[in-house]
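Below, each structure is written out as structure tokens.
Here come two complexes built around chain A, the first alongside chain B, the second alongside chain C.
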Partner chain A sequence: MSIQLTKLQLFLLMFVMQTGFVYTSFQNIIIEHGNRDATIQFIIISVIFFLQLLFFERTHKYFVLNSFTKTLYLIYWSLYVTVFVIYITYVLTSWIFPNTPTIVLIAIFLSVCFYASISRPETAVNIGVVLIPMLFLFLVFMFLTIPNLHATNLLPFFYDRQDTWWMGFIYATYAFGGAEVFVVLRKYLVSNDKIPKKSLFLYFSLLTSFYLLSISFSLMYFSLEEIKLIPEPILYILHSVEVTFAKRLDIFFVYIWLSWSLVAIVNYALVMRLVYFEKKRRLPRLQQLIFFAIIGITANFLIKFSVLDFLNNYLVYLNIIFTFILPVLIIFVNKIRGRTVSELEKSSS
Partner chain B sequence: MQTIIITGIGISPRDVRQDAELKVEQTLDLSVLSTVLISEDSAKDDIYEYLDGYFRDPNSPITSKLAIIQGDLKPFFELSEQKQTTAGEYYERFITSLEENSLVIPYTLQTACAILFENAQDLALPYLKMGEDGRPVSDGLALFSGRAFTGSTLNTNEGVMLNILNNSLGFATRISYLYKDSPVTVRINKTKRNLDISENKIVIDKKLELMVSEYPQDHLSDDIQRKDLQQFLTEKIEQDMNEVIKKLQEAKSDALGLGRGVRAFHPKYFKKDWNEHFSTMDISVKLSVEIVKTGILE
Partner chain C sequence: MLQTLEMKQEIKRLNKEFLHSADFVVKEIRIGQVEEAILCYYSSLVNKADVEQNLMNLRQLSQLAQENLDSVQNNGKINSNELEKNGNNAIPKQLVKDDSITITTEKYNQQKLVDYVCNGETIIILIQSNQMIRINNADFAHKTPEEPETEQIIRGSHEGFVENFDTNVSLIRKRIKNNKLVVKEVLLGKETKTTAYYFYVEGVVDTEALKTVEKRLSEIELDMFYSIGQLSDQLDDQVWSPFPQLLNTERPDRVVANILEGKIAIMTDLSPTALIGPVTFFSFYQTPDDFNARVLVGTFYRLMRIFSFVSAIFLPAFYIAIVSFHFEVLPLELGNKVKSDINQIPYRPLIEAMIMEITIELIREASVRLPKSIGQTIGIVGGLVIGDAIVSAGLVSNLMVIVVAFTAISSFVVPSVELNTSIRMLRFPFMFLASLFGFFGIVIGTFLLVIHLLNLSSLKRPYFSPIIPFEPKELKKIFLRAPNYKAKKQATSFSPKKDDNT
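Presenting the complex of A and B:
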């Protein structure tokens, strides 16, 4: 299976996958450790992400997955999607559907993902476009909270550090999980020319500003002690916004975020399809059905506060390995061995 | 419309609701909660104990208003039986109107909760009492220190001063004085606040732009007369503001959030027990007033 992507499509896919389910939840864990330095910690990590993007762009031709690394990535992405599903279902049952059986919710939204996944790959590539107007709406709603923000909450920097302060840097990497798909998808670009630094910088600025807005708004809206109690600060902020056209703005946003997360799952499934079905395999639809069924059943057993808390604390380490460390290792090893994507394609043809 | 008041007993607000539900054929729906009234006796303990359930339940609208009640709560709810409205809606409109006139600081359940968890600012909630004619009356602001009501209150005029000092002006903020045996009423047009902070001293540098709403002596186009009035207003307002600060310090209640500025820009002067430190600091207001509008008369 193969596809052709434009630069814009590549960045859209990455944006949805990198913001997907993390966007509503990661602010409180950074702030819990980094306190008022959370914004600075996030900016430092975002610069590392930008340098990594530049590195990926220069060396992407050496990112060749062998069967071992392919299996590792497929397991990691499957785990990541399972965590997505657990978290989405937990949020839906907490905020909107407390009485609906979790298996029903999972079945409904995973069947949508399955349908999108067995459609033409272009469906998964372009479906993210529908989110763009919703994200603008979301930003407008967020700006309604400005009168209740306390800018002084952002200061002082580097003052009341606690023992786990450095963990803020670790958890800031949550925002950039999924960066590895850049090197996975890079070879599918229509014209295999260099992506200009300007485009990479634009993407980095957009993603960083989008996340920075959520961290700084959370810091300015809540007191430090309060935010530690609030697992979904963005939803909570919208829950407290009063508008005349809707009783609960948070429900409106939960639906936006749900569609956003579903598109992220569809995009992850697309990346997995591209890696897994690179070789022709039998019964691809059945295999995908089994994949989504396993994800759904596993997730349904794990929807518990304690499981989510554990995942929230430790998933980040897998993120760092598969997003930052492993791609760099793979690139170095292949560079030493002289293996490139184009050579692999020649040998397979 | 007929309103029935149901009472319940329990160890927490949720438990009280459950007890009340035993007496009606319906389930009480929190999604239409518009006001939470807390008696002053209850508020003298940690009020978060009573509010946690509202924040935890996604169906609970955390934009509801909050007020402290003098005396027994029951007569405040009996109002529903006399009026074509529920007590919750009535108090929501009542508190909104107080906010619009800058008599109380606008807080919702959520913004009040953020202050309860904040050690650099304290709450000042609307304080209501029952008037002699059986109508609820605003009696100013109930001052909190940490999460508990101190028992100290600001009267309505002091409430206006607090709002001006806090830059939390409503739709209309008016102050009236007697000047040369004649009334003068001014409306605050614009306000600015700068803090001059040192280790044990804060000077609140306040600038006000005023619009004259009432001044039967007229002739404000006369420079001498206008400057004399400005001087009078500066002295009176500054004096009133300093009295409010003194009351806040006595109550150990930093309702202005001066601690936020100290913590952000002079963290070495910020103490963990901020309320105690705040009460011992030398805090004063330095005011400058300018009349920028005189209405449609001069």
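Presenting the complex of A and C:
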């Protein structure tokens, strides 16, 4: 299976995958550890992400996955998608459907994702476009909270809280999970020319601003003590916004975020399809059906607060390994061995 | 004597062949001094005065130029002008009544004769020389080119297609005076032998789409062809999709605008409707009015139409979701009002919505089938009297009447009848999903709808372009009517053509 992407499509895919389900939940954990320095910590990590993007762009031709690393990534992405499903179901059951069996909810939204996955690959590539108006709507909702914000809450303290302060940096990396797909998808670009630094910078700025908005709004809206008690600060902010046309903006946002997360799952499934079905395999539809069924059943067993809390605290380490460390290692090893993507393609053809 | 006997037998045979049809005319005639012949035609398909006139022409031609008649019989197709040029200056001008009528001679063949007569030709069988003369003066019934009732516009051309090949082609050629406009013909239906024809502009046309059309037309294996819907089914990429994949229009200006963008228009002699492809979903939201009106006005109404798509599909579902699941979304004052209103209603919101929606659909269907004057009365009776009575009876809330009326108006905004019906149908599954899962159901339904639209194609071209493949520069053309409209070809592939410059 193969696709052709433009730069815009590549960045759109990355944006959806990098924001996906993380967007509503990661603010409180970074603020909990970084306190009022959270924005600074996040900006520092985002600069590292930008440098990594530049590095990936220079060396992407060396990002060749062998069967071992391929398996590792497939397991990691499957786990990531499972966590998505657990979290989506958790939010839906706690905010909207407390009495509906979780398996029903999972079956419904995973069937839709399965339908998208067995459609032509271009559908999965482009489906993120429909989110663009929703994102604007979300931004409008967010800006309605401006009168209730306290800008002084943003001023950093820079005081030492020993080990917990450093954890702020660690958790800030949550926002950039999924960056590895840049090197995975890079070879599918229509024109294989270099992506200009300007484009990378634009993407980096957009992603960083989008996340920074949520962190700074959460900091400005809540006191530090309050935020420790609130698992989804964005939802709470929207919940308390008072507008004349609607009483509960958060309900609308939950559904915007749901669509967003479903698109992220479809996009992850696309990346997995590209990696797994690089070699021609039998019964691709059946294999995808089995994949979604396993994800759904596993997720259904794991929808517990304790599991989510554990994942929230420790998934970040996997993120760091698979997003920041492993791609760099793979690139270095292949550079030393002299293996490139084009050589691999030649040998396989 | 022998010849007369033979003729009588042949007439009998022909009458049998045409099953003694009431409008089949077969009779003996005499051409010139010697030659006896059989004249046959369907009186319903030709103008009798024309037949008599042509017969007289032939007799005089035969008398005046026996030699020329021989050469006509030998050389095959030749029209009356050529006869004149052929050296017979003695043929009076008044004999050549109409240049469009062609006279052809060929060897007598019984099967071919049946085809020709069914095609509206007048045939003269020359028994002695075993030849037949074909006079092509078919006069099929059709209306005059009036503006189609379903596609009325405020400014611009008010002409419409008719059920006639020549008239329709002339309506197109009048607008494209260029030899690159190509018209091709195919026969559909083994038994009915219906003529279908397609237009395109050479050099502009999307060649791959043209190949697809030609391939699909050639693959049609129907015995009976009688409606444009059959053709549409054969040409559609996904016949089970609720969305039309070919644009139906009876307006020549719309056809011209589309074929100049590289599209192909397909028509038949049976219907004034042209099928245009490949098209995108957004083609159905454009009308000639957009380009005839002021730029800002055209843009505003185009935006309104696109908004109408959203309201026509989602509004009843949205109402059901709010009333059934998400009351807390409403502001307090409105919430109280809605609550007190629906508290009096004995049914669930879905049933309430279904009562109103089905009533509206029945009124619409009734007003379409009835004569115009009664149709309007039905609209008033249905809309005002039934609407008021149904609320007074406590079956439906006031708010539901408002929602359904707004939805109905929104669905009629779509300039295409086909998409209009699809949209009206699509709101029912959304209503069911909303009544089962609230907003969650709507999101899931929307997701399915979007995936379906992204998967859809029209003559193998992306249907949801410029969203797939994503072309941000083209996207604005969906919403805005640019001042200097420049015809542009539709995207030809699901894969992007070239990289963007971002």
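Here, the second predicted complex is superposed on the first by the 344 of 349 C-alpha atoms of A that agree within 3 Å, B and C clash if a C-alpha of one lies under 4 Å from a C-alpha of the other, contacts with A are read in each partner's own complex, and residues count from 1 in each chain.
Please note the rule applied: contacts are C-beta pairs under 8 Å (C-beta built on N, C-alpha and C of every residue); 3 or more make two chains touch, one makes a residue touch a chain.
Please read all numbers here as calculations on a predicted model, not as lab measurements.
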| said: Both complexes share chain A, so when I overlay them there, do chain B and chain C fit or clash? | reply: fit
| task | Put down the vertex angle at chain A formed with chain B and chain C, C-alpha centres only, nearest 10°. | result | 100
| field | Which superposed partner A:N99 touches (first chain B, second chain C, both, neither) | value | neither
| request: Have a look at where A:L189 lands relative to chain B and chain C in the superposition and call it first, second, both or neither. | output: second
| task | Check the residue A:E226 against both partner chains and state whether it touches chain B (first), chain C (second), both, or neither. | result | first
| field | Superposed model, chain A: greater residue contact from chain B or chain C | value | C
| message | Under the stated touch criterion, which partner chain does A:S119 make contact with: chain B (first), chain C (second), both, or neither? | response | second
| message | Which partner chains sit in contact with A:K247 here, chain B, chain C, both or neither? Use first/second/both/neither. | response | both
| Which of chain B and chain C A:N148 touches, first, second, both or neither | first
| task | Go through the superposed model and pick first if A:S67 touches only chain B, second if only chain C, both, or neither. | result | neither
| query | So after superposition, what is the minimum Cα distance from chain B to chain C, given in Å? | reply | 6
| Is there a shared patch on chain A that both chain B and chain C touch, and which residues make it up? | 96, 247-248
| task | Name, in rising order, each residue of chain C that touches chain A in their complex. | result | 325-326, 328-332, 335, 437-440, 442-444, 446-448, 450-451, 454-455, 462, 467-470, 472, 494-496, 498-500, 502
| said: Touching residues of chain A toward chain B in the complex: what are they? | reply: 94-96, 148, 150, 152-156, 159-160, 221-226, 239-242, 247-248, 250
| query | For the complex, which residues does chain A have touching chain C? | reply | 3-9, 11-12, 92, 96-97, 105, 108-109, 112, 115-116, 119-120, 122-123, 126-127, 129-130, 189-191, 193, 199, 202, 244-248, 251-252, 255, 258-259, 262
| field | Complex interface listing, chain B residues touching chain A | value | 31, 58, 61-63, 108, 110-111, 113-115, 117-119, 257, 260-261, 263-265, 267
